[in-house]
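Look for subunit A in each of the two complexes below; its partner is subunit B in the first and subunit C in the second.
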Partner chain A sequence: MSTPLSIKHIDSAQLEGLVAALVGAGTTVIAPARRGDARDTVGYRAVRTMAEVVLDQRPDNALKAFFLPPTDPLLHYERKGKDVTLTEVDPQIAPRVVLGALPCDVAGLPIVDRVMNWDYRDEPWFGRRDATTVIALACDKADDACFCSGVGLAPDSPQGADLLLIPTPAGFAVEVHSDKGVAFVAQHAAFFADARDATEVQAFRQRIAGLLPHAEGLDPDAARTWIEAHFMDPHWAQLALACHGCGACTMVCPTCHCFDIVDEQEGVTKGTRRRNQDYCQYGLFTLHGAGHNPRGDQGARIRQRVSHKFAIYPDRFGAILCTGCGRCSRSCAAGIDMFEVVERIAGLQATLDEEAPTGGEL
Partner chain B sequence: MKPLQDLARQLLEAGDVKVVIGYQDGRRGVQPAFITDPAQAERLIFDHRCVHNLATYVSPRRGHVKRLGRAAVMLKGCDARAVAGLLRESQISRDDVVLIGVRCGGVHDTPDVSGPLTAETVAPRCHGCTVREPSLPDHLVGELPPAPPVGRDLDADVARLMAMPAAERLAFWTRELDKCVRCYACRQVCPLCVCERCIVDKTQPRWIEPSAHARGNLAWHLTRAQHLAGRCSGCSECERACPEGIPVHLFNHFLAGVVRDAFDHVVSDDPEVPAPVGAFRKDDAEEFIV
Partner chain C sequence: MNLYQPHLMRVTERIAETSDTVTLRLAFQDPSVAESFAFQAGQFAEYSVFGEGECTFCIASAPTRLPLIECSFKTVGKVTKALSRLDVGDTVGFRGPYGNHFPVDDWKGKNLVFIAGGIGLAPVRCVIDNCLDRRDEFGDVTIVYGARSVGDLVYVRELEAWAARADVRLVKTVDPGGETQDWDGEVGFVPTVLSDAAPGSDNAVAVVCGPPIMIKFTVPVLDTLGFSPDQVFTTLENRMKCGLGKCGRCNIGRVYVCKDGPVFTATALAELPPDM
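Now for the complex of A and B:
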């Protein structure tokens, strides 16, 4: 766990004032709030006041939609006679603030940064990343789908956060974790007070310690070892029996980041090129123009998702492509539980390790 | 539970089937089970949490399940209507499957609810249920439990929507469909979405815009609902599967009423009764043809 650069305090009333000041200055504030829909769901959306913000419920939708939208226009095209005019969409956006996000959602952002800055720098992604100050809220809302502590994170992980709020009886302790966070606090200094007694924060940390007993023993390294040696294992087809082959798990995932690019006509001579989230769970995702599909069945597609998260991405980018948020498990209509999947695979490896001869001559 | 487990064991031991598709306890509630080993038959359960419509697993699209061999599948009365749909449309033949009917006292809206069935937790499909004892299956197990409590009434939901001025109704659907991320969980979970290639996946030409914007989302949801008019078995798994909580089943429920009024047809578990879309009658209503 990284040490904060500094620690401040903010009262609930001051936080309300901060949101009002930000919104008043034209900054978009994105926070968990009721979405006003038929099912009264809570999700990340732009808010106008602190009163709209819901901090005691887990948002249903993915924060990543504000960085990699489900659909995102890249350019407009128009044909006039033999000429085609292209108008690119400017990836620079106005400064904005994410407030009260779950640490597991926030932790996904720097993980995805690695691939977005790999063979080229993805402008739409970093345009939004650079424009956004991320204020996470340490989490006490763990349920049995969560396993952040099993993948090296924690309910109070600051990974990806510029500021981390930790609830205290009088408001929030504010841990500053980045230069952007330092600048934000300096710019809005009137709302922040000096850090209070550290025992308040310790009380919260004690309360959240051990909220995820099932996740503590998870061994993602063992899972990786097994995955790397079992590409053709029948386990994958077995796992796929219940899977409906929808992409709900990928859509809600804070780290799934794949996309498709489509041109959509608007009338005869005009149209828009869009980037849409698109994922490995769909048959169409890898379907070749000639008709061959290298991932021809759901077993191959599940293998891809699990392998990418726990073996391929760690190998290529040095990070597990999973924050243990449990959204995939909660959203799965077939009851497939990602924690269980990883635990079982790690267990298969543990069995192999036990059976392998140790020491002596082979 | 014992008669169910014994039956599953016998079917597997006798070689009648290679897999029994049922329900089992998971770490986070009930989940589908695929039992291939008779010794594992004791994992099978049935209770108020068994909301999943397992008929979807015998659809011909399910390659992995199909490759296991002949299947037996547990069905509630409402799920039997979906199997009847697959039979009616010649997607499967009767010999392909062994149907294990369960007498049902209603199910929770989600499979992870513990505790008794209440008006708040009961699935909307249980409202006014007349098929708690399915008639289509080969076997019927369990005692008939008491009727479920009266919960959410989809007729009332639809009536409330239709009573709105058109602009307000459009605002309702705009707000709901704005959440759609086009994951297609509604399609994938549906036992009667049987197309090998869905119209939304067709790219040459592209009929429906794949982007999750207002136009694309409306086109997708209306097309999905239209394709299920007079075919939808009413399980509302589409709505349970939606990760964004969009009440997509309201479209299907509305269209079931339209088909009932226009064609005097209600989807049943009798595969011999043809669906309006698959039958021609000289006295068919034609007032919808413009």
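Now for the complex of A and C:
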């Protein structure tokens, strides 16, 4: 747990004022809010007032949509005879504030930064990252699908947050965790007060400690060891028996970042080249033009997703590509639970470790 | 400039290699790009037809022949179909070069054996021409090239040029039944013909590219000829979108074809999980 650079306090009324001031100044504020649909769902969206913001329910979409949109224009083209004119998409993103995001969503941002900066800097991603101040809210909304504490995070993890709000009886303690957070607090100093008695924060932390008793014992390192040695294991095919291959798990995931690049015609001569979110659970994802498919069955595709998160990404980028948000488990129509998947795999490794000869005797 | 913004190129020549394989000769439209562009043998690029999309192929011409840039492809899908319909003067998008390359500089003084099947000659031809342009740096050069039939041979003009050189040994072959009456090459599958040609493995490297079935049966022949897996190089292709390690589909286990490849030694190939 990184130590905050400083701690402030903000009253509920002042937070309302802050949102009004931000929106008034033309800043987009993104927060969990009701969509107003028949099922009364809550998701991240742009809000106009604090009254729209819902802080006591878990948003059902991933925050990543605001950094890696489901569809994102890369460039515009226009054909004229044999010539083509390209128009760049303006890389400038207006300043934005994310408010009240789940720590597990926020933690995904710096994890995905690593691949987006792998030798080549992905400007569309970092343009949005740089333009966005992220204010996370420490979470007390854990359910059975959650397992953040099993992958090295916590309901009050500040990873990826510029500011972390921790609920107190009178409002929120505000932990400042980045230079961007320092600048934000300085810029909006009128809304922030000095930190209050630390016991209020401790009371909240005591309440959320141990909310995820099942997750604490997860051993992702053991899972990684097993995955790296069991590429051809029948376990993958077995796991895939339940899977419909719908890809919902990848759509709601805060760290799934795979994409497609397609041209979309707009009339006869013009169009836009777009980056669209893509889903490794689809057979078309890896299908070769000549007909061969390296991941031709669902077992291979599930293996790819689980391996990517718990073995390949840790190996290449030093971080688990999963924040334990549990959204994939909640979204799975077949009831595949990611925590159970990883727990089972870690268990397979534990069994192997137990069976392995420990001494020098044969 | 955005990472995904391609350079514009113009088709300067269109060559129909076979009934379904086309080579496009391309030139950068922006003179400053043409001047500064550099790549190494084995690297690939994303080629696009605006309105259809992008496609991944190696650069099939040699870096020593810049500003000439060629790509060769088989018409299999939407983008390759659109590319194949292009003609002289048309515009193509180009992003690259990406990926690693054949370590040609490490091969100085060595004998070179090139083995290719079908359209697999495209990436190998880039290295062949690159090495032939620097001919005095290398020892013997042997080329074994096969296709299903005489009509499926690509780069026929290069084959003639290589055959005419005294410092190149060209062995060309077609699969049994693929020969014509005036065919002057071998008849047989590449691994068999390679075995008969028996190039020496001492102080040599082999570059192999072709359909998986050819690779599968060629690698043991090279082993019999005494080539160690470190002496054997190949280039892989997988479906790609970005070419930059981000879009998440070309990896074979932990290995990203776009970043760690596309060029691999047989040693590295053997370590890959069977996800190909």
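As a convention for this text, the second predicted complex is superposed on the first by the 360 of 362 C-alpha atoms of A that agree within 3 Å, B and C clash if a C-alpha of one lies under 4 Å from a C-alpha of the other, contacts with A are read in each partner's own complex, and residues count from 1 in each chain.
In this text, a contact is a pair of C-beta atoms (placed from the backbone, for glycine too) under 8 Å apart; a residue touches a chain by one contact, two chains touch by 3 or more.
Owing to the predicted nature of the structure, the values given are computational and were not obtained by experimental measurement.
J.: Check whether A:H288 is in contact with subunit B, with subunit C, with both or with neither, and answer first, second, both or neither.
T.: Only subunit C is touched by A:H288; subunit B is not.
J.: With both complexes superposed on chain A, which partner does A:V89 reach: first (subunit B), second (subunit C), both or neither?
T.: In the superposition, A:V89 contacts subunit C only.
J.: One more residue to check, A:E340. First (subunit B), second (subunit C), both or neither?
T.: first
J.: Kindly classify A:V262 by the partners it touches after superposition: subunit B alone (first), subunit C alone (second), both, or neither?
T.: both
J.: Identify the residues of subunit A that lie in both the subunit B contact region and the subunit C contact region.
T.: Touching subunit B in the first complex and subunit C in the second, residues 260, 262 of subunit A appear in both lists.
J.: Which stretch or stretches of subunit A touch subunit B in the complex?
T.: Residues of subunit A touching subunit B: 35-39, 41, 43, 60-61, 65, 70-71, 144-145, 214, 237-238, 240-242, 244-248, 250-252, 260, 262, 264, 274, 276-277, 282-284, 297-299, 329, 331, 333-337, 339-340.
J.: Spell out the residues on subunit C that touch subunit A in their complex, using ranges where they run on.
T.: Interface residues on the subunit C side: 1-6, 8, 10, 48, 50-55, 74, 76-77, 80, 89-91, 93, 212, 237-239, 241-242, 244-249, 251-254, 256, 259, 273-276.
J.: Under the touch definition given earlier, write down the residues of subunit B that touch subunit A in their complex.
T.: 26-32, 34, 52, 56-57, 63-65, 67-68, 111, 172, 175-176, 179, 181-185, 187-189, 201, 206, 209-213, 216, 237, 240-247
J.: Please output the residues of subunit A touching subunit C within their complex, sorted ascending.
T.: Per the stated touch rule, the residues are 74-75, 77, 79, 82-84, 86, 88-89, 91, 115-116, 118-124, 231-232, 257-263, 265, 271, 273, 275, 278, 280, 285-290, 292, 294-295, 300, 304, 307-308, 311-312, 315-316.
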